[in-house]
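Chain IDs A, B and C follow the sequence of writing; residue 1 opens each chain.
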């Protein structure tokens, strides 16, 4: 394989990998706190992408500011969903699962009605390319990598240093002990859910410039989040990053070597095998 | 009491639907009814799978397997479509066994993710295995079902006319309902119910849980396969995009709406929901949103309705009573 | 069917061990149960008694040691296969088919004795109908035996506690075991019910079924058992006749010790 293509594929892998990691972290976060798998995560990612479309492409708000605004909106949405819907079903695995599926269907259906079926793009916020070692890397991709890394770092610091973050970690590891120590499970639930959704929304917003947005991008996104989650292992941040990078690489390099979308097929088969053979993933804790 | 009324109702309904094409000639109406019957089959299959407490989100994959199997058997092997029908169902059923044995040991959410991924995997494979499936181009001009002939006399011709298809799918539907009925009432059905209510108790008295779950699963897949085979020769074209994850989820919605307690539940659910949307084309756009709202509403406000997902087959004979007087209980419950 | 030598124990447990994390739930457990006897298994809360049942019946895999049932090794066998050989257990927490009636519970529990496979039973072949008649006979017997006749058509979840426990034993009996492991059969019952149940257990033994019983109710277990194995913190700390065990210092201390650690 030509070195140029190779390096670009690497860059693409990292970019996709980080984004998938972010989405997966959102799902993992929600799962750790509330013990539910949020099947609507993909559609929330899609809503984040549409938010950017409107803020940035339609209303010409600065891209970074748009990201912030969309993050806030999506976080608010998450809080509302948790407070009014998920809270009522706390602890019931099957109903929560079906509820999140219902929401996924609802969001996609609404998006179809409101935004139409077509794929839409946005003008590149960071045009141009950078030349490294004679290889062209799109500026936009580099920015995505950069912003994703910042987000990851912020998340990491939050979990480690901030009170709320530590509370979330405690809740994830041992809910009973955490409550005894004064962690307010209600507050942490909606907070955690908000952050989880926010991560999904931001991921959507970050990818819009290099791909496109349509109501249909939610489905594949959430399945990819599952792939990362299952590969890397629940509850493990390094595992999730690893899983994200693996998936990003499969997709990126797969596109080079395999025809069509065989890469994705392989990824799905990988998930199936993982769940059967090693449900806790490569680095999972459970 | 209920028995005789039930039988009469069923016979009346049967007569009604058998005679329908005589007085209803609108091909669109027939088409809607055909679609309802066709979609009911995998929904009923899912109902069977649900009997053992496993919720699968990959059911549509087995419809696809049945569809493509029949297509290949008829178009490339030159088989008679009537032979291809049971073989397609069988193929789907066997795939169900292959998937089921490892997968059914897993429960709950992981099983949901597993079946979801599996469904998507099948979808992707169908999309990419162009040699077999024509990939993104799809397959067209699939032959209609072979004419049914008996000793030189052609009894039924399959043309663009819907009536023949109507009776074909009706026959399939009745067949599957009978199988479900027999299964549910048999000893096997009781054991399936028992597994659903307490699998470790069932195990402790000698039930091989995995074998039962795989059995129910594969019959469910068999139904889906039959539906797929019908689909192929009815629409005469196939494309991987026709079999999406949402279809798998819709089956769940149909079961919930129609009542997870009853054998007729899935059919009823499909009839009510799909029927509404197909007939009211104007509101077709709202289909997804409506399904979603109904699903959400049922989950939030009818937890009993969802509980029924776990206690299937026959409705409880008595309404739930308050716990009987605890006069003979000591203060310590003893469930240490 | 094997011919059982009189000297062969019905159940033999050798060096049975199981660890969770770093903790020994059961450690180097050795004991035997002879045909027709009632063996009591006692110990403080958390001593590992139910874990022993779980290990014997294949719910947990032993990490060390072996289990033999009527001469055959069942250490790594699966639960349903073990039940098929005649070893059945009841559960500490009430475990019933809650949405079925008492009658239905007992019919289903006779599952092992249906000879036909799936399709034969779905078609309800004559041999299946014969098996059903057998099951119905057996269910009638068990219902009469456990004095549940009036509650025959009650849903299991609506039964009062004592009757639920009785049904649990009925379900195990329907499987026609040769060895019955009873996990706290009288816990939570008042003195009258306890006495009834103790009588029933004696009658079960009278029909030739060997029994191992876990119980906290000392009066019941001492009265019923021919021999007792006492456990403490996963190990066997004493074995012998009830009279001996009652005065065994180590046993008494283990209960007290466990109490101090907040386990009783």
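We adopt the following convention: contacts are C-beta pairs under 8 Å (C-beta built on N, C-alpha and C of every residue); 3 or more make two chains touch, one makes a residue touch a chain.
No experiment lies behind these values; they were computed from the predicted model shown.
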Point to revise | Most distant chain from chain A by Cα centroid | key: C
Check your understanding: Going by CA means, which chain is nearest the middle of everything shown?
Key -> B
Point to revise | Distance between the centres, which are taken as Cα means, of chain C and chain B, whole angstrom | key: 40
Point to revise | Mean-CA-position distance for chain C and chain A (Å) | key: 50
**Study point:** Separation of chain A from chain B, taking each centre as the mean of its C-alpha atoms, in whole Å
**Key:** 33
Exercise for review: Please name which positions on chain B make contact with chain C in the complex.
Suggested key: 182-183, 186-188, 190-191, 193-194, 197-198, 200-209, 215, 311, 316-318, 320-321, 323-330, 332-336
Check your understanding: Hey, which residues of chain C end up touching chain B in the complex?
Key -> 45, 57, 59, 78-80, 83-84, 88-89, 91-101, 104, 107-109, 111-112, 114, 118, 121-124, 128, 131-132, 153, 155, 157-162, 171-172, 174-175, 184, 187-190, 192-193, 216
Exercise for review: Within their complex, state which residues of chain A touch chain B.
Suggested key: 36-37, 85, 88-89, 92-95, 97-99, 101-106, 108-110, 112-113, 219, 223, 226-227, 230, 259-262, 264-265, 268-269, 271-272, 275-276, 279
**Study point:** chain B - residues contacting chain A, complex
**Key:** 55, 102-103, 106, 108-110, 112-114, 116-118, 120-121, 124-125, 127-128, 130, 135-136, 245-246, 249, 252, 285-289, 291-293, 295-296, 299-300, 303, 306, 309
